[in-house]
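Below is one structure, written out as structure tokens, with a few remarks after it.
For reference, chains read A, B and C in written order, and residue numbers begin at 1 within each chain.
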Amino acid sequence: MLLTLDLVGIFVFAISGGLVAVRNQLDIVGVVVLAMATGLGGGVIRDVVIGAVPPPAIADWRYLLIPVVAGLVTFWLHPAVGRLEREINVFDAFGLGLFCVAGALKAQEYGLGPAPSAALGMVTGVGGGIIRDLLAGRIPVIFRHGELYAIPALAGAAIAATGAELGVAHAVIIAPAALVTTGWRLIADQRGWRAPVPRLGPPSS
Amino acid sequence: MLLTLDLVGIFVFAISGGLVAVRNQLDIVGVVVLAMATGLGGGVIRDVVIGAVPPPAIADWRYLLIPVVAGLVTFWLHPAVGRLEREINVFDAFGLGLFCVAGALKAQEYGLGPAPSAALGMVTGVGGGIIRDLLAGRIPVIFRHGELYAIPALAGAAIAATGAELGVAHAVIIAPAALVTTGWRLIADQRGWRAPVPRLGPPSS
Amino acid sequence: MLLTLDLVGIFVFAISGGLVAVRNQLDIVGVVVLAMATGLGGGVIRDVVIGAVPPPAIADWRYLLIPVVAGLVTFWLHPAVGRLEREINVFDAFGLGLFCVAGALKAQEYGLGPAPSAALGMVTGVGGGIIRDLLAGRIPVIFRHGELYAIPALAGAAIAATGAELGVAHAVIIAPAALVTTGWRLIADQRGWRAPVPRLGPPSS
């Protein structure tokens, strides 16, 4: 079941990458590559950093296939896909929760302490989107708009990493930790909560 | 002989990186770094992902020296080098064919299946150009213009990976697989074949 | 003492990342992530490439904590921090010297020859700033302005790598090699020395 959830999360992330590519008028190569980078990028960074190579996201063809399909679907059906953006955002919040928690637990299994595991869990959740934005030529959205995305991701990852460090079984910790991320993200989105931006104008450069 | 071909491919890729840097008015550091990143980047990404570290492109000083020379040549002789762009494109197509096939075969030797090996072969061929464009502050050209570059690269890599999986000797598979990439690339370039771009305008954002 | 120097260097690099983020009007997530990427990025790239994973910069919570603190300090006190830019540049030159030399020596310990070790030492010193600039949506400054930053970094790294290759004790080589980088950088900055840029206009594209 975790595999299925993981693949669904990758699919949704990949759709978001494909949509950014279509809106930037990229060609089919750009759409598929951005879909793959968004769906798989966070997990690949985590795996390379902890030494889990080759990353399953690359060695297992199912992980490769899913974002390719998502990219092609977005390429051909982008007007319909674009109209589903509200629904995609909800699935994206669930994918984020799952990725952060799974990423933190994998880092912890590779011997990292709770703070690094929490950080790598967050990277698992937000890394794909950062790569997507770099490839599309824009500053990563999670840095710019004060949208609460990375902070809920870090919270869920930290809960999972701390729980695992304290010996709580994975089966027990996954759902509540992921729900903190997903719930915080969804509520923040709905209510328009914002992360702070620097006060005053920027200092003269 | 493969080493020589490999070094020639790196040299040509590095020239393309140096030209992009010169045209963006970068200084000598930028020209040399873009030359190195373009010549070596794809192979380094592949090696890091499959766990072949330190990558030969970094551990072997000949691989480091070649793109530095290419960068310096481009820096000092860029008007002449720029006029050779048509010839450089032809060599580039040969370098692309070689890199994709060699990359796919190396991934397969490290135990990856045919689909991941084909994907990593393509990454070996196109990764350096993507890094070059990111460092130069532009959206990667292979995503934008519908130019047939990544798709022929994937085709050659897939043929090589499939052949190796079926037990065909490397010596037998390398030339035909590379020629598929190189030939397709050259013919597409000459005839103006294009990869599809999204139909209609992009959906409202 | 080396650990303390290392942490001071990370702190100063991270401040520079935070300032770039504040000046680009990024939110608190962007400020902290840019601080972390600038402070830790060069060392993480080096470690991933030589196979020293997980990198201490990620596995050791002190390395994670320092740039987070630097990012938060910059976020809240950026007008004051921005006025200290001249002082920060001096500390930055010391951090650069230390990072390049330590990076080259670590690569050498992992079995790389002097040329690759020197190259990776330079990457350790300048990699974080390159990532910072990519994340902030600008062409890396070390490629653009002809400022002498990467070249002094390479010089110190090369001295350290060559010394270690010749069997000179680390304790003997570190200070002079780092001072070459730091001194060259500071003098070049004060006197306005510049790296060359391409002569003439760029060739027609």
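Annotations
In the analysis below, contacts are C-beta pairs under 8 Å (C-beta built on N, C-alpha and C of every residue); 3 or more make two chains touch, one makes a residue touch a chain.
Quick caveat: nothing in here was measured; it's all calculated off a predicted structure.
In terms of inter-chain touching, the protein chains here all touch one another pairwise. Copies chain A and chain B of the same chain sequence form an interface built mainly from non-equivalent positions, shared numbers / all numbers used being under half. A separation of 28 Å divides the Cα centre of chain A from that of chain B. Contacts with at least two other chains are made by residues 48, 51, 134 of chain A.
Those residues of chain B that touch chain A in the shared complex are 48-51, 110-113, 115-116, 119-120, 130, 134, 138-140, 142-146, 149-151, 194-198, 200, 202-205. Here chain A touches chain B in the complex through residues 19, 21-31, 33-34, 44, 48, 51, 53-55, 58-61, 64-65, 75, 78-79, 81-83, 134-137, going by the rule given at the top.
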